[in-house]
Amino acid sequence: MDLNTPALKRLLDTWLDEDIGRGDLTKEALQNFHGQAHWVAKQKGVFCGGALVEKLFQRLNESVQINLLVEDGESFDSNQKLLTLHGPAATLVAGERTALNIAMHLSGIATETAKLVSQLKGTGVQLADTRKTTPGLRIVEKYAVRCGGGINHRLGLDDAAMLKENHLAWSDDMNTTFQSVRESAPWPTRIIIEAETPEQAEEAVKAGADGILLDELSPQVLHKLIPHLRDLASSRATYKGSKQIVIEASGVNPVELKEYADTGVDFISSSAPITKSSWIDISMRFEQKTNVP
Amino acid sequence: MDLNTPALKRLLDTWLDEDIGRGDLTKEALQNFHGQAHWVAKQKGVFCGGALVEKLFQRLNESVQINLLVEDGESFDSNQKLLTLHGPAATLVAGERTALNIAMHLSGIATETAKLVSQLKGTGVQLADTRKTTPGLRIVEKYAVRCGGGINHRLGLDDAAMLKENHLAWSDDMNTTFQSVRESAPWPTRIIIEAETPEQAEEAVKAGADGILLDELSPQVLHKLIPHLRDLASSRATYKGSKQIVIEASGVNPVELKEYADTGVDFISSSAPITKSSWIDISMRFEQKTNVP
Amino acid sequence: MDLNTPALKRLLDTWLDEDIGRGDLTKEALQNFHGQAHWVAKQKGVFCGGALVEKLFQRLNESVQINLLVEDGESFDSNQKLLTLHGPAATLVAGERTALNIAMHLSGIATETAKLVSQLKGTGVQLADTRKTTPGLRIVEKYAVRCGGGINHRLGLDDAAMLKENHLAWSDDMNTTFQSVRESAPWPTRIIIEAETPEQAEEAVKAGADGILLDELSPQVLHKLIPHLRDLASSRATYKGSKQIVIEASGVNPVELKEYADTGVDFISSSAPITKSSWIDISMRFEQKTNVP
Amino acid sequence: MDLNTPALKRLLDTWLDEDIGRGDLTKEALQNFHGQAHWVAKQKGVFCGGALVEKLFQRLNESVQINLLVEDGESFDSNQKLLTLHGPAATLVAGERTALNIAMHLSGIATETAKLVSQLKGTGVQLADTRKTTPGLRIVEKYAVRCGGGINHRLGLDDAAMLKENHLAWSDDMNTTFQSVRESAPWPTRIIIEAETPEQAEEAVKAGADGILLDELSPQVLHKLIPHLRDLASSRATYKGSKQIVIEASGVNPVELKEYADTGVDFISSSAPITKSSWIDISMRFEQKTNVP
Amino acid sequence: MDLNTPALKRLLDTWLDEDIGRGDLTKEALQNFHGQAHWVAKQKGVFCGGALVEKLFQRLNESVQINLLVEDGESFDSNQKLLTLHGPAATLVAGERTALNIAMHLSGIATETAKLVSQLKGTGVQLADTRKTTPGLRIVEKYAVRCGGGINHRLGLDDAAMLKENHLAWSDDMNTTFQSVRESAPWPTRIIIEAETPEQAEEAVKAGADGILLDELSPQVLHKLIPHLRDLASSRATYKGSKQIVIEASGVNPVELKEYADTGVDFISSSAPITKSSWIDISMRFEQKTNVP
Amino acid sequence: MDLNTPALKRLLDTWLDEDIGRGDLTKEALQNFHGQAHWVAKQKGVFCGGALVEKLFQRLNESVQINLLVEDGESFDSNQKLLTLHGPAATLVAGERTALNIAMHLSGIATETAKLVSQLKGTGVQLADTRKTTPGLRIVEKYAVRCGGGINHRLGLDDAAMLKENHLAWSDDMNTTFQSVRESAPWPTRIIIEAETPEQAEEAVKAGADGILLDELSPQVLHKLIPHLRDLASSRATYKGSKQIVIEASGVNPVELKEYADTGVDFISSSAPITKSSWIDISMRFEQKTNVP
């Protein structure tokens, strides 16, 4: 995740403004001294958000310093210290809730991702996220998925194209639709087609798709279908497409991940790390007042 | 929720920009025709986000029309139609994911809230949210809690003051800290003190707190403590404080909600509706092309 | 006032952009040297804006340093030095007018407030502001009122609710209107009802109002009415309301402040500190060039 | 004033957001019906802000309609109806305070301006404003000055250049400073020099100034000085400067306006219309509910 | 180009604000009537910007109507009418310069692109743009390239990755660098490597690059190199890479386009359509006043 | 150009966001080390953009340091080093393209301006720009024109007024139109009238114009017309106008610049430096890794 972009700074500002509003009413109680505090986990999990939290506090006051004891992507135990903070007490309190909220949310996603990824261990098949992300948080939630061991699917409607059920339902034929997107898209754009039947998948390969999303097909069907699709693809060729095809399965129940991994898919995409995760509980504890530098 | 504020419009714009980025690459496939579609629930729950979704689509194109079949706060069954949409196909597709994401997320919160609220039925005790909300989404998540039957606690650091563990850990004495906040805050501000022991709670009432948050105390302790605190309060008086006190319990395990409700608390606050909820699954299905008006 | 929020920084930027526009045309005359200057009052008053002005100059150039000789809320005499500045000459000139404008305006408000507050000395009754504030400047104008010894009423439409003449004129009955607001508002929200007759005030107390604004009633009426309202309130009880009521008078002529204070009101609200104040005259005088550090 | 610029729309939005914040808490009481209301003056004055107020309400809801009974710049009496409004009741209430605040403030400025301008009647000398304007409101306050019969001086640091006391105090010599600004400024830029003595004024004319601001010089001095400066100017010539000079007086006590007008100045500039004005009292009164269209 | 995104609306607003500033000073001369006008080309070329210009005027006033006589991407002759406009005269004048500026600039790019593309006619090789675009205008300039018959390369640093001379100069070895990008990028990301020698190109293919940019190599070298690279690629395989490779040439002199096209490259990228184009001259001519509707 | 305004910082941010989008995908390859690089010109020209580029990189990371070897406005040869940079490698790469794009574009304008200005050498007549500037870049492009030796015309519609062909075509008579603008404009506003015939020019002088733009009239016509217009002007007088008039020629073919300069015009305005310029080619070359400080 790129922490230095102007866009990220504006995003952090909107979070702080949301909570602080017209000003922290308790600020008066905390004027004029600095303090030291730490974060401690109240359950185990995979951490995500440390570097982001540092930037967040520094948007309020550049003098805040954070020492990360656990890096993003690392596991931690219950009661483990995650980081220490030092800075003006009023700033630490004003930013506390927002900072914890994002780190607890992202660590929840990283932890949930890691759980699913562990089931794919040894299969060589990866777990990818989807565009089912909380509005406003896509860039950080997708980062959390990577912290948990997953990979990212496309970031938005503009960095890869996917012709989904709804595009196809409204188009006269898949091939024409595909070509109109191919022609107007930048050349590096991968175009993926979502298929809900083997016939659609075949049609998609023939149209020239770079990737096929096989949605809610059984492992049995996939075992037979996937080699067939790869064969079909190997006889295609345009410079923007490829003789190969990337095959992704979706609509997979978490308990079946291993079974799907064995069908020959390249990866499995799932919104569960984001839509089914709970926040990891983390507390901020103040240690001591210190003198203003 | 106030759907007509400039601030909400900007929030909707940031969500759309996040997904659409430099432009929907599939737009070329959907030029020049209008379409009709509907949303259908894939599991049961409590709906939240209908009116918001209408505003969202209209930020892309004012001609989009939505007919809500289920109102915010109403329950729906699996496979129930929630709303119908009509508008330019390219707009419906460009806004689809963002619209579903927010409605699925908020309906998840409303549904989770309703589950907890149902356990308090008949007790007269309400369930309130907290400031543990997803950064950027507080206003809509708090609305979702209301749709699920809960009530809202303060919206930010500026509409009510709470002296929490960390304020008190750093202050020399609770009373001085309390008075400094009282003096600088607008007169309608309620000041709440978080207490982790009966002694702290007593001290808080004496200091003049409008509300006491009793955190992680057992029902047994509360049974005895609460009447005592109310007695103490009845002998206080300043115009900005009160002879009464609002008593809230937190840190309550969902299965104990009923037991806590019987202790005499005014309400129970919980972050669970937001931090522990999962998204409700909803799909958008296209019905037919229609002529451009 | 919270000087470190992102929102305040953006506000300062809009002020600077407003004056500087596409660039200060005289900048060329002041390149490449630093200077020292001071502010001097041209009439006596109560100062407000010092810390804000420091932040303002630093938005243009972080190297500007300000030494406050008079703190916000302190009185000063005519010809008294208020602060000294040091920094790049071009920055001091570019920010001069905007900085003086806000400090002269706010000091005018603080001074006017102090004049009114002095009339309430010894009564225990406070002077509160209203929502009649200059668009865009509420947060700083309300701070100026505090600098002058007043207290703040609600900050906006969202941190306390007031049912005013216009709400009541359009509602079928006061009680229903009140309850609909009570139900949807966050629990810490105080709800105030504006009453223009003793009957309305009585109805308001019965409905459950936390505060009553008695508008343009005579001191004679208030003397009798206020104890009656307090009695009525003491027999009420819901956890979000109170057995007590906060009573505020408005529409009070400045010369009658003392007389109203003696009626038993909790405080008197007035827009005069903002709507009737004049700017305090302050000049910026350059002292000397200094070497660039 | 240009009411259709994107910049003005954003300005109106910041005003509305400031008051409405996270949402009007009384909105629930006013859902689902439309209403009609009017504004009535509670004192006489010169109106300013009608067209602006219409745009303001329409930022909240495009269906609001306003019928202006008094145009900007027209005088009104106490108790005169100024405008009528029709629209959703919740919108009229949410925008009421902000709309009245700006119109009361601007009408105060227009009224104060008209008072001063009336003293110059028949002299052919005009009254101009200055850059002493409330931060954030320059464009609307300068419009109010025009509504009161005054003229505008420069709008900011970038549409005309003025070498003031502070520039000259820090420059080695006036002529060099003047030429450096002349060279870098766009050709249509008028460059004005502030003079506090006749000698400075003379030097300024020789340097090539397009305008001279004679600050705090007595009428007696001006009577002799002004013809001399015009003579001096008539012997100059560069294409960007002129053989003529515009002469402005400032630091003029309102009671001496007429006396200064007779000295031969082209106009008199004064910050008093803005820094010394009080708000004009205006009320919004609801008339009736109407059916939603 | 996606004309309905919030981001595009904000971009149009910044353009209008830039020119209009604090308000069009000539607006007073054009109040209260509507007018009709048209655009006429003063030289031949390929048109670009019509639909954009319509949105631009409508940001100022929604009642402006534009009738496009030439579509984006179509050729026009000198003196040909391009479009007609109807709306408030003050709006047409306020938006005129900005509208013409963008259309003249974009039509210049479309025209220059078409000139280069015509040299590739019949070769099957396409012309792609680069990231050398005018800051702030990438999305519209890339659209202009498509209007001229070119294709788009990546839109930014985030929708495809290119390891360029500078990345490689600082990395220890190309393969490690490539893999670190592959691992962190979303799966649909194509990764391209810039090669300045045949050896680098070979190394790039082996590392797994999806595309090779061959910079400033002669046609003679390419003739031999390209088949070799394709052979190498056909023996690779990972699901995110491909057995095929897209080969692009850059640093090509316009007169050599045809010669390079014959070397077997997939396309040729060039910044010339943007960096070497001149604006196409277009005038706006007023036709008649019309009544305000 | 004013590099410290909040507005400029926001402009730089929009440029960076445009290229970086959701994050530089190659960032992973460049983590954790600093580097040194330089810019080298690949053709000769006049430099513009050095100071701007420093600010640009510092928006990404404040630790970036730039040492300018060629100042803005200075000429450079092919292969000359222009500046050196030092900072985090990931930042240098992320900002490289945007920084080069703006400097190459602006240097192209400065170079083209210098070419035209050189033809006016010794004539005392200056070359001015116009409002034909690339949307979003006016302030920096006009700065580039000054770097090339030109002067700036008005910056927008709000710092000087020009009645152009279209205003006059729609107005009933020139004099009335002129006076309506004069009355509403700030007093320092220069009002210019565009004339396409000698008769219009005469009418414009009589109306009181401060400047006359003589568009597409031949040098022969100008020779006779200009002295006549100056005579006419010398008999006028109002304080906001002048007895003198500034005369500008436009529509001048570059090869005729000298011939027009001899006609007695004050300056010649031309959009060619911006609309006809090509980018100057500049490369960024990495020199070495350095340790993180």
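Residue numbering begins at 1 within each chain, and the chains themselves are lettered A, B, C, D, E and F in the order written.
Keep in mind that, in the parts below, contacts are C-beta pairs under 8 Å (C-beta built on N, C-alpha and C of every residue); 3 or more make two chains touch, one makes a residue touch a chain.
Just so it is clear, the model here is predicted, and its values are computed rather than measured.
Enquirer: Return the chains common to the contact lists of subunit C and subunit D.
Expert: In this structure, the chains that contact subunit D and also subunit C are A, B, E, F.
Enquirer: Work out which chains are contact partners of both subunit B and subunit C.
Expert: Under the touch definition, subunit B and subunit C have A, D, E, F as mutual neighbours.
Enquirer: Look at all chain centres (mean of CA atoms) and spot the one farthest from the centre of subunit C.
Expert: E
Enquirer: Given that subunit A and subunit F are copies and touch, would you call their interface same or different according to whether over half of its residue numbers are shared?
Expert: Different; most numbers are used by only one of subunit A and subunit F.
Enquirer: Counting C-beta pairs in contact, does C-E beat C-F or the other way around?
Expert: Most C-beta pairs in contact, of the two: C-F.
Enquirer: Based only on mean CA positions, could you tell me how far subunit B sits from subunit E in angstrom?
Expert: 44
Enquirer: As a quick test, compute the distance in whole Å between the mean CA positions of subunit A and subunit E.
Expert: Their C-alpha centroids are separated by 30 Å.
Enquirer: Any idea how many Å lie between the Cα centroids of subunit A and subunit B?
Expert: Centre-to-centre distance between subunit A and subunit B: 24 Å.
Enquirer: Can you tell me which residues of subunit D touch two or more of the remaining chains?
Expert: 14, 20-24, 94, 139, 155-156, 158-160, 184-185, 189 - these are the residues of subunit D that touch more than one other chain.
Enquirer: Which residues of subunit D touch subunit C in their complex?
Expert: Residue list for subunit D touching subunit C: 11, 14-15, 18-26, 28-30, 33, 35, 37, 89, 92-94, 96-98, 100-102, 104-105, 108, 131-139, 155-163, 165-167, 169-171, 177, 180-181, 183-185, 189, 191, 271, 275-276, 278-279, 284-286, 289.
Enquirer: Can you check the complex and tell me which residues of subunit B touch subunit E?
Expert: So the residues of subunit B in touch with subunit E come to 12-14, 16-17, 20, 22-24, 27, 59-61, 91, 94.
Enquirer: Over in the complex, which subunit A residues touch subunit E? Could you list them?
Expert: So the residues of subunit A in touch with subunit E come to 126, 128, 142, 146, 151-155, 158-160, 184-190, 192, 210-211, 237, 239-240, 242-244, 246-247, 266-267.
Enquirer: In their shared complex, at which residues does subunit C touch subunit E?
Expert: Per the touch definition, subunit C meets subunit E at residues 21-22.
Enquirer: Which residues, counting only subunit A, touch subunit F once they are in their complex?
Expert: On the subunit A side, the touching residues are 1-2, 4-7, 139, 155-156, 159.
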